[in-house]
Every structure is written in structure tokens, then in C-alpha cells.
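Before I ask anything, here is the structure I am working with.
Per-chain numbering from 1; labels A, B, C and D assigned in written order.
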Amino acid sequence: MSDLLPDHLIDGYKSFLEKRLPGERQLFRELAQQGQHPKTMVIACCDSRTAPETLFDSAPGDIFVVRNVANLVPPYEPDGEYHSTSAALEFAVNSLKVEHVVVLGHGNCGGIHAALSPAVEPLSPGDFIGKWMSLLDPAVRAVGANELMTGRERQSALERIAIRYSIKNLRSFPFVAALEAEGKIAIHGAWVDISSGELWAMDPGSGDFSKMIDE
Amino acid sequence: MSDLLPDHLIDGYKSFLEKRLPGERQLFRELAQQGQHPKTMVIACCDSRTAPETLFDSAPGDIFVVRNVANLVPPYEPDGEYHSTSAALEFAVNSLKVEHVVVLGHGNCGGIHAALSPAVEPLSPGDFIGKWMSLLDPAVRAVGANELMTGRERQSALERIAIRYSIKNLRSFPFVAALEAEGKIAIHGAWVDISSGELWAMDPGSGDFSKMIDE
Amino acid sequence: MSDLLPDHLIDGYKSFLEKRLPGERQLFRELAQQGQHPKTMVIACCDSRTAPETLFDSAPGDIFVVRNVANLVPPYEPDGEYHSTSAALEFAVNSLKVEHVVVLGHGNCGGIHAALSPAVEPLSPGDFIGKWMSLLDPAVRAVGANELMTGRERQSALERIAIRYSIKNLRSFPFVAALEAEGKIAIHGAWVDISSGELWAMDPGSGDFSKMIDE
Amino acid sequence: MSDLLPDHLIDGYKSFLEKRLPGERQLFRELAQQGQHPKTMVIACCDSRTAPETLFDSAPGDIFVVRNVANLVPPYEPDGEYHSTSAALEFAVNSLKVEHVVVLGHGNCGGIHAALSPAVEPLSPGDFIGKWMSLLDPAVRAVGANELMTGRERQSALERIAIRYSIKNLRSFPFVAALEAEGKIAIHGAWVDISSGELWAMDPGSGDFSKMIDE
């Protein structure tokens, strides 16, 4: 059996069965019978250090979560192509009727790093990551040109710019813009410092990020 | 400040700060300094009831996670378009060098349900979810035509078919196929029954799913 | 008597006489007899919220302190003109033989703000502050051009760039460069967040700033 | 990390965090949010024994402080060159709108000593301190020629003359003179005996200094 799944997942699942499931068995059953009604959609990064369920100590049913490299929302493009993130957004907003959409970025983001320091060769001939991160090209040019900032400062700046860019793109979806105008949905930006666990929230007016809680 | 993020996330974050961060502060710091080295990539659904970190009781750094509607891997298409899931796959395999890729499906999947019972009208004029789920069209036709199965049986059947389809697509990526041939990466399928928390693993030979652990 | 000095200074002086002087009377006497031998020169801002003696809880005799707007060190210019900061540097290094020079910047710096948002009219016809801050013109152009950063982010970036610029200028003084090469003097950068009291120190290799002490 | 800043500053910062910050955290936060509004600008010497914040037991936000060697104000020279002290004066008076400007001299001033006993060789080929102190040349000639005064008396005399000279120069700035004429700003001179902590204030009419407080 140990071949069917990686050992560490099997061990983790046993731990889930033993420690967590007993207390949430009833919740899982109800969520299966009644369907999910999450209040919030979170768009987060694939990074192994930024699970929103960990950061927000979420229970099953709490948050609907898209995860892609660098937590990007592409612009609205109703062109009949496959759009993974746009599909999830449409489903969350128009079917599940979430009340909040949160774009959650983080420090030390490998995708942002790749955007700022493109490898000489792509990771594969298809260069999927290069193309995906090219969504940020204008921002990369603006930030990358500033040689007076250190590499880490440029990284940190682009992480925040990318969140604001994704939020702008969220609003390019007509159904999001309409619901926001009616006050039925709220859009948020946040950034987590993975070295310290500090959560920073974006001011919707200025776009600035500040620490949520002073320990 | 409670306006900056939804209340339930703020409360959850406080709980994280209080209960979990103290025990993992050192781990977060090391992961930030040394970078992430997850052994496993998990492709899971956005569904609020299927967080892999919850199911596998994962620590920060354990798993690299893509989440899209219905945990789909599209076929290899090096066409220069934006491919969110393919980009994450390329990054996990060729940059992070994960040793395992797990496609994790689940019961009561809303995406699968939408594929089998298309709404009269799309969720929005762009019909992003319709297009995204159309990746499964041939399977939908095969399963949908079988009127001897109940609706719930068709749903459950398509959930498993979709996992096998995604695994087939995983192997259409030349770099995945090559590493698998060399024994450097292993591909897995799994399915979780969200009403009971039961985890089912796919037999790589037959494609059958069986319960991992009998309680 | 109250006309001779502002009331709040007189009150503060009485407090000094009562609370602090008794414990330091002997120290003041010795420092007067033996002369000052500070180990460290600090170049700080005039800002009323950034007294180095407060931040470093310094005793009399500890630190030799230059304060000008935005804690700038101009480049080495042996042109026979009056150079206030260069004169202090020369005195500290060659006469007092300090072992450390610290450039201490801070958040919410009014001089940096003025550099990034020049007033339509100068503060006076002489435009002394405009000229003084023009030392940072190249950096202002680099940072100011990035419209994807918020005003606060540009401010924070320029505050750090200005510290690195001053440190570069410190090393343009031949006597500083020579002593540093001999290991007889060490140059440091630091930045204080005046809203929280957090002190950030500059990594001499990368130029990055990181928090000194995690509370 | 102890390499990043001198040990004595790190220790002092820890002491600040422990003893002073807790009581002033709210004040720092407010000063950051609302900006600084110091009532008084102090022009003091870099000397390690004459921190105005120590002498006047100042709280953050109380005083805007320029420090240069010998607390000199150069004459008004709107020549388009860099003038550190004039820039700070312009900023304090015209932007912060301080109500008081205090020139604070002190005993045992090394800069005054250098002016009276010029070294055979300058401290560096640039002779920055020689040039800076040459602002006092006419006074040095007058005092130095008086062989009936002892060296210590000449030093003490020049310290006071220098304060009156700086105050005269303050009034050469048209914006200072205008505000003083309107009663909107007051100019003060003070001198501190660093061997005893005694503060002497200047009579604005006669220019004489007398002890502020008899213990």
C-alpha cells in the first residue's frame, strides 16, 4: 500500500484520522449533505509554505481556494480558451456567491523571483512558467530597471505590485465589478512574510500594506 | 482594521498566531532562509472541503499545491498561451524537483456536477467554467449516455475518470514522462469522500480506487 | 527667566537635573577632564522622533552625532568650501578616532518626502532644502519613475537607497577608505521605523535591511 | 548579527525596547500617523556629551535637532550650493513652523579648541574641519590676540562669541528675520558646562550668559 501514495502523505492522513477527523466528522457530513457555502474565496500561491488553511486556521467549508504560481489573476479574456483561474472565479462568485475575494501574496515567492531573474534557458521547451509570469512583464520592467534597490527589495516590491495587479484584473470581470458596485462582494489584498508568519493587509485606498496585528 | 480582511480570516489568523506559530516559528524561519524543498506536488480542487494540508496534516514546506476547479491537468500544449496548471507543474518538477505528483479528486465535486448537468445559461457570458470543464467532454458524453447509472453513480464515475484523465495528461508533458521513465518521479491518483473523510488511492496498474485505511 | 528659553526646555532641564544628573555627575566630570572618546559616530536625521541617544539609550560620551536633514553624507569634495558633515566626519575619524560610523535613517522622513514630492514653490527663495535633497536626484528619478509602487513604498525604498548612497559617499573619503581597508573602522547602515520603534540593520554584503530583534 | 551594528548600540537598543518603548509606544505611533510638530529647533554640537535630548529630557517629537561641529549657523548664502544647516533651518522654520530656535553651545568644545589651536597639519588633506571652523576666523583673531586671557578663558570666550555669531547669522536669513519681526518665532542662545551639567542662557539684550537654575 505504501506505493500508492507517498509515505509522508499516508502518515499525515493517519494523523488527520486520529487527531482531527473525530472532532469534525459531523461537520464533514453536513457539508457533504448541504453543499459548501464558503463566505470567502482565497487566491493563493502554490508555495508549500503558504497554505491559506494553515495561516487562517480554517475549518472545512470555510474558504474556497485557488492556488497558482504567484497567486495571479489574469485579465478578463472571454476568448473561449481554457482559463483555470477565471473559471474558479466565475464559479465562486456566481455559483457559490462568496462575499469576499482575497488575493494572498507572500514573501520569498519563487514565481516572482523567476520573473525578476529569468533563467538563461526556460525550465522546459514549453516555457510555461516564463509565459505565466510574463503577465507581470510591465511591472518587471518598472521594478527591474531600478538598480538602486537590492534584489530582495525589488522582489518585495514586485510581490506587492503583483497583488495590486491581480486585484485590478479581478475588477476587469464584469460580474465582479457589478457585485462590488452593489456592495455584495468585497475584494482584499494580503501578504504574508513566511519567515515570521506576519500577515500584512492592503489598504484599499492607497494600496499600501501594513501589519495586521502587532504582537 | 476589521475592514481590511473578512472577520473570520482575522479570527483564524489570531488563532494561528496563538496556537500554531509558536511551535513552527523556527521551521518557518528555516524554510524562508533555505527555500522550500517539498517532496510532493498535489493537484487538488478549489473546494472548501478538500484542503490537502488538512487531509494530510501537512507542515509548512511539505507539499506544493495547485488548486483549480475539479483538480484537472490539461493536456500538454506548448502554444505560448497562459497555462496556469502547466506552469505550476513545470516549476514543481523542473525547478523544485518534486519526487511525487498526486492528483487528488473528491466526492460531491461541484465542477464535475456542472459538467454533467450543464446549466441552461452559463454562469457568466464568458462561460469560463463551461469551457474549463469541457476538457472532460468526451468522458461526459460516455458517462452521461449511460442511463442505467444513477445521477450519483455518474458523478462518482466521472470523478474517477477525471483523475485518470489528468494523470494521462500529466504524462503528455515530455519532462514528466522522461523523469518517470528514469524512476525519478512517481505519479499518483487519490480521491477523498468528503462526507466521511475516507481516502481512496488509485492502483497504478488497473486504475481502480480502493480505501487506504480501514478504520 | 522663562523668556530666555522655551518653557518646555526649562521644564525638561529641571527634570534632567533632578532625575538624571545625580547619577551621571561623576561621569560628566570625568568626561570633561579626560575629553570625549566615543567609539561610534552616528549620522542621523534632524527629525524630532529619531534622537539616536533615545533609540540607543546612550550615556554621555557614548556617541558622536551629526544630524542633518535625511541623514545624508555628501560625496568627498575637497574644494575649500564649507562642508558641515564632511568636517564632522573628518573630526570624528581623524581626531577622535571612532571605530564605527553608523548612518541611521528612518521611516516617514520629511526630507525624503520632499525629495519625492517637490513643492510647486521652494520653501524659501534660496531653496536650501531643494538643493540639499538634490543630492539624491538620480535615486529620486529611479524610484519616482515606478508608478506601480505606492507613494509610501517609494518613500520607504528611497529611505533605504539614501542610506546606501551615504555609505558609498563615506567610502569616497580617502581617510575612511584607508582605515576601513586596515580594519580599523567599520561602517554600518540602520533604519528605524518610527511608528513601532523597530530597528532594522543593513547587511553589508547585500545592502538589505532586516529587523534587528524579534520581540 | 552582532556584526551588523556596534555591540554597545545593540545593548542600548535592547534597553530602549525594554525600558522606554513600552511607555512611549502610543506616542511613537501617533507621531508617525500625524507627523512631527516640534515647537523648537535646537542647533547643537556633535559632541558626545551634549545631546539636547538628554539635557532637556525630551520626549520623541519635542525638538528638531541639527548637530554640526561647534553648533554653527553659517551666514545666509543663496548660492545654489549644498548647505546642510541652512536646509535644516529652512525646513524647520518654513515647513514645520517651529516657534523657537535655540543655539546650544557647550564647554570644552573640540571644534572651538581646534579653531584656537590650529594643528600644524590639517586632519586630512581636504582640511574640512579647518575650513568649517574658519567661519569663526575674525573672532579667532580677536580673541587669540588677547594674551592677557588664559587659554581656558579664550576658549570659553570664543564659545560664547560663536553662539552670538550663529544667532546673528540666523537673522541674516530673510524668512527668519521676517517671522521674528512679526513675533512668530523667538531666537535663543544657551551654553552648557559639561563638567557640571549647568545650563546657562543668553540674555537677548546684552548677549550675556547666566546660569538658569541655582541648585
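A few notes on this one:
In this section, contacts are C-beta pairs under 8 Å (C-beta built on N, C-alpha and C of every residue); 3 or more make two chains touch, one makes a residue touch a chain.
Here's who's who by UniProt: A, B, C, D = Carbonic anhydrase.
Worth saying up front: this structure is predicted, and the values here are computed from it rather than measured.
Listed here as common contacts of chain B and chain D: no chain.
Chain C and chain D have Cα centroids separated by 15 Å. Taking each chain's centre as the average of its CA atoms, chain A and chain C sit 40 Å apart. Taking each chain's centre as the mean of its C-alpha atoms, chain B lies 53 Å from chain C.
In chain D, no position touches at least two other chains. Under the stated contact rule, the graph of chain-to-chain touches is a line, running from one end chain to the other without closing.
Interface residues of chain C facing chain A in the complex, by the touch rule stated above, are 138-139, 142-143, 145-153, 157, 160-161, 164-165, 196, 206-208, 214-215.
Of all residues in chain B, those touching chain A in their complex are 1, 3-6, 8-10, 12-17, 19-21, 24-25, 28-29, 31-33, 35-36, 38-41, 46-49, 51, 53-58, 60-69, 72, 74, 76, 78, 80-92, 94-96, 99-100, 102, 107-108, 110-111, 114, 123-129, 131-133, 135, 173-175, 186, 188, 190, 194-197, 199, 201-204, 212-213, 215.
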